[in-house]
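Chain IDs A, B, C, D and E follow the sequence of writing; residue 1 opens each chain.
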């Protein structure tokens, strides 16, 4: 558990172990951000929930991972649950962990699944630095800032997906191979996962803007519109990528079929050149007693020349027609 | 017919045969859950319906299986009809039976088609155990809990479908065979069935939340929002699976065509190697009288060497180009 | 023209020829159902329309077949026009005829295109039998019952379509042939036709429920909700069938390509076995003077043995790889 | 410029050259229809617009072709712009020209692009004939009648498209050839064009029905509903045709691939019959000194018989398997 | 920075360097258009923003490129951000730069990314020329005119895309080659980009029409409807092009497969003609001692004749069947 308490003038940071130490942060005039890593200790979360007046259903939503992203407005607090994404550079895949954020009067509590790290460090720096808006504004702005940084991170992840798609596209056009379909399938799954994560944002940001909750001050409202804009941007990007992935699949199929066609064409053309020649050789391998050509002096060389001519002629013809 | 009557303090369970025994449970202060297995005895259902004030059309809806899931709000009761799903591990398929649930003042009646078993045992245990919310709350919470357990079960079934898809996917990439298309077709049907079962839930949960029925107390209302969330989750999962199944089909087609292409390529390559060699053999099988090579001492061995060289050369060339 | 006039106590049936005989049925206290077969005699329809106070535009809608299904609410009557479907078992296709129904105070007039027969016989029997609700209720219930029986018939037809799809599916998996695509195309057209017929029902049933017309009594209202449910069921079935038909097409294509692939594989494999053998035979058909093998005693038999071994080896290899 | 001025009793037709002659028709009690062919003379249109009180933006919309169909309600007039379609039997394609119609008090002005002819002749005849509703009703009915005749014409055009599709379908099933894809592509473009023309009609007819403009009398209102019905019918037809065209494309591809498959199968089968026979011939063409069969008296005839038997056997086998 | 200040009577143009010179243009009675090229100098933009009362969030939106197009209504100004497109004839691609436009009382400020040039020159000429509406109307009309010219430019760009599609279509039908798929892919990306740029316009133009902002005078309102019409036109065009591009892809695949089929058919047919002939030659190459034909005088010529006849016969047969 990590606590950042700040006002325009001052900032205190603390790491605490015992849940009881948190309780004093409830009714301060300053803004307090309580960040909890790990959702396994349900006891702690329950105690805290009771003290901060959080509904049992909300606590369940916090603890249960694999929630669909949503926002809920209560009398005394606003609760949002969503996924925080991370692009694992090593495995080259997107990973997500659930995060629940509660906005109360003068405090924000964030519950992370706590896999590893989070995306909030730039925000911590902005609070510590004391410049910019964040120290001048209340808990609602902090709440907005947390969500904003998560959604901005979506856009970054989406750009990485876009780069992946472009890379695959190049590979497919230059040098299609039969293993890439598996990777495209993985990509497809990833995009479907992103779609699931991102789609509810539209509804969430609309709800937030129209909530009329007293917890959100007028000064913060224009920023919420920003969330909506970014959500739409992310949703549209996902849609575009979905379409591009299905195009990738088509590209794969057509590339593969092109490659195969080329091979078959070359092979068949070779056969087609030699089969008539073999026929001619067969003719002069016949055992008729009366085959005048066989007795001429240069018959063999003539025929060899003719065969060479036919072979070269066919080769040129096929080359000309771009069949070879 | 199985009856569970409970209040915060007490619980009574009973199995009865005669419909008349049910009548006394109508106006109790405690909560009564009447569970009826089997819809063939329409006489019993009619009698009961009359006594509990259920509209004839509702009774028809209960008895007629293959109803589309729906909820109907009446003055004195709320009626929901939906499918209860079961994953038959043996046959590896999803099976559904219809269930109608009536919420009245202080009682809940569930009408099961009664194929075999139901998904309510965990709920029965929770009632018997007496812990948790269920014993503290009214019939409306029991109504919610029944629906909730059915929808949760949908999510479990959907996960099984997801596993099936992953299994097929692996099979298709590793070792596609021509019988799998039939199984994919079965899977597609299953998903279409699930879609039919699950899609109406969205509308149902919205209607329930907005009903304003006096049968649903304020304490139960937040839970209804949960139903909506789970419904959306199930609907989205079905949509995702539909998309993935159509990708499976594409994968199947491309796998099959890949496999076929490989075979044809290998076969054609073999032919292509031997046809020029056969031609050479044909040439020296010609019967021209004047073919100097035929008379040389090592002509035969030389030609055999040349043919070997050509054969190996082509083999290497094709191997190099990954055509073999 | 066929007339059924009934009240709870009594029922009179009559067939009449002259339109004037109808006029007395307008202001009775009992319920009258006038059924008119054939729309060619526009004169009769116009006279009747004038007498019963039907707007000229409505009369046009009745007479003009190929109308889109719709409902129109007027001050004095409600008019619905829709298709009545019939499954022609002989030709194995769905046929439709237009039916217009007018609900006035105490009377219902149905205008059939009159191709042959209708689907109302069970209803006539219910009226004659005098049991059930129909004789106890007014003209509005009769109106509902007519529409209900038509929509129920849609569901029956749709089931037949479903059976057709399953049959084709089986044929496609067991024994695909190139003629079936034409039948699938016919099926596709049929489903598109059904879609056109059924889709407007959703709107119609909503309009009917929300009309607030004084012609529809409170007692009949709950039944209208039933119409909506059945309409949705029919619409969803059509959608599902559309999807399944496009899957049938894919199945057809993949079946055909599978069958073709099998043939080509077998043929190519046969060639591939014999081409190397032919080459060997070609080698020993060469006319080199110095070919030591030719002079050995058992060379021929040895070579034949080797060729046999190669042939069997390749056969087994290909068999093993499932190429044959 | 062509003028038809009529009332129930009387009708006057006139062709005029000078725009000033039009001005007297503005405030008559009778209904005046002014039809202007050709939009190039913007001067005339501007003058007229000014006199009849038409907004400059409307005049721009009239003159600028390639407008999207739309309706605009002004205080003193209603303006609609749409396409009038014509099926050019010679070129076998659909052609469209823009038409703008202005409904004022007691007058209707139609501005045609004036390519050639229009679809209004039946309407002119109805006005001249004096029977039917048109002479009894006001300018608003004339306005409706003009739009109605244009939309009815859409339905006729759509039927022609339907016939085209059926024709192509037959061709594709009977005798697919590689040029038809171009024609299907043209058809596709045509349908996309029709979609663009027809889709806005839905919105237009809704707007017209709900306008509440004082220019539209109560007597004309029921007819507007008709426009809506026909619009929906046209839109649905376009959608159906779009689907059928994409099916045509599939049919084309599968027909082509079928035809190709048949050819390849026959060719490959022929090769497969002769390759083993060639091998046998090759065997007996070997030059081993000790080949006992060669010296038997009937060896040749026997082998020829065996080859014949093998050939016929394979032919029958392949025939049996329907590969030939 | 470029300034155009105008009223009905007068017009002044100026290029300035220092932001402070701008400030005097805020409260003039005349209309001032301030055009700023280049967004890198955030300092200048901030100063200006502060002076003209623009919200910091708006300033961020102006500076940050890759914004989704949107409109925002504030008390004192209206802000729109969108893309200005340019068709780069050289590279044959569409390029976009972001433009933000602020409408205040009597002034319009446009912030261009400033890549190179803009599309406003015709507008500048119209202002300078003094004819037309622009000089007679206020800043709101100027605002409209700027947006209108950008959207009109979209339509021009879309037409170019349409021409590209037609060109590709022709190439694909006449002479499909394997590189065109890459270009189609590029085209697809371009259309997806256009879709992203154009889709938000619908929402924007609706918002603008319904804003009720006091900055937009009644005289300008009818023009806003025009924006909506053009936006819809652009959106529909994008949709149509998307559909046509996917048809291009199909066309490509079928063209390619046609071409390949033709090649394979010709090659296979050649083989099929020579294989039976080779067999015959093989027969007469057998070494049986008793082969009577071999000893006849004209056997060789006869057999050659027969082979010729068979060859020509097969050629004609295949030609006839259009396999060659």
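A few notes on this one:
The definition used in the following text is that contacts are C-beta pairs under 8 Å (C-beta built on N, C-alpha and C of every residue); 3 or more make two chains touch, one makes a residue touch a chain.
This is a predicted model, so every value here is computed, not measured.
Any chain that touches chain C and also touches chain D would be listed here, but there is none.
As a whole-number value, the distance joining the C-alpha centres of chain C and chain E reads 42 Å. The mean-CA centres of chain D and chain E are about 26 angstrom from one another, to the nearest whole unit. For chain B, residues touching at least two other chains, in rising order: 257, 264, 268, 271, 275, 278, 282, 285-287, 291.
Viewed as a contact network, the protein chains form a single closed ring in which every chain touches exactly two others. Each chain touches its two ring neighbours, and walking from chain D in the direction of chain E yields D, E, A, B, C. Interface residues of chain C, counted against chain B in their complex, comprise 169, 173, 222-223, 225-226, 229, 232-233, 236, 240, 243-244, 247, 250-251, 254, 257-258, 261, 264-265, 268-269, 271-272, 275-276, 278-279, 282-283, 285-291, 321, 323.
Contact residues of chain D toward chain E in the complex are 55, 57, 67-68, 70, 72, 178, 181-182, 185, 188-189, 192, 196, 199, 249, 252-253, 256-257, 260, 263-264, 267-268, 270-271, 274-275, 277-278, 281-282, 284-287, 291, 293-300, 303-304, 307.
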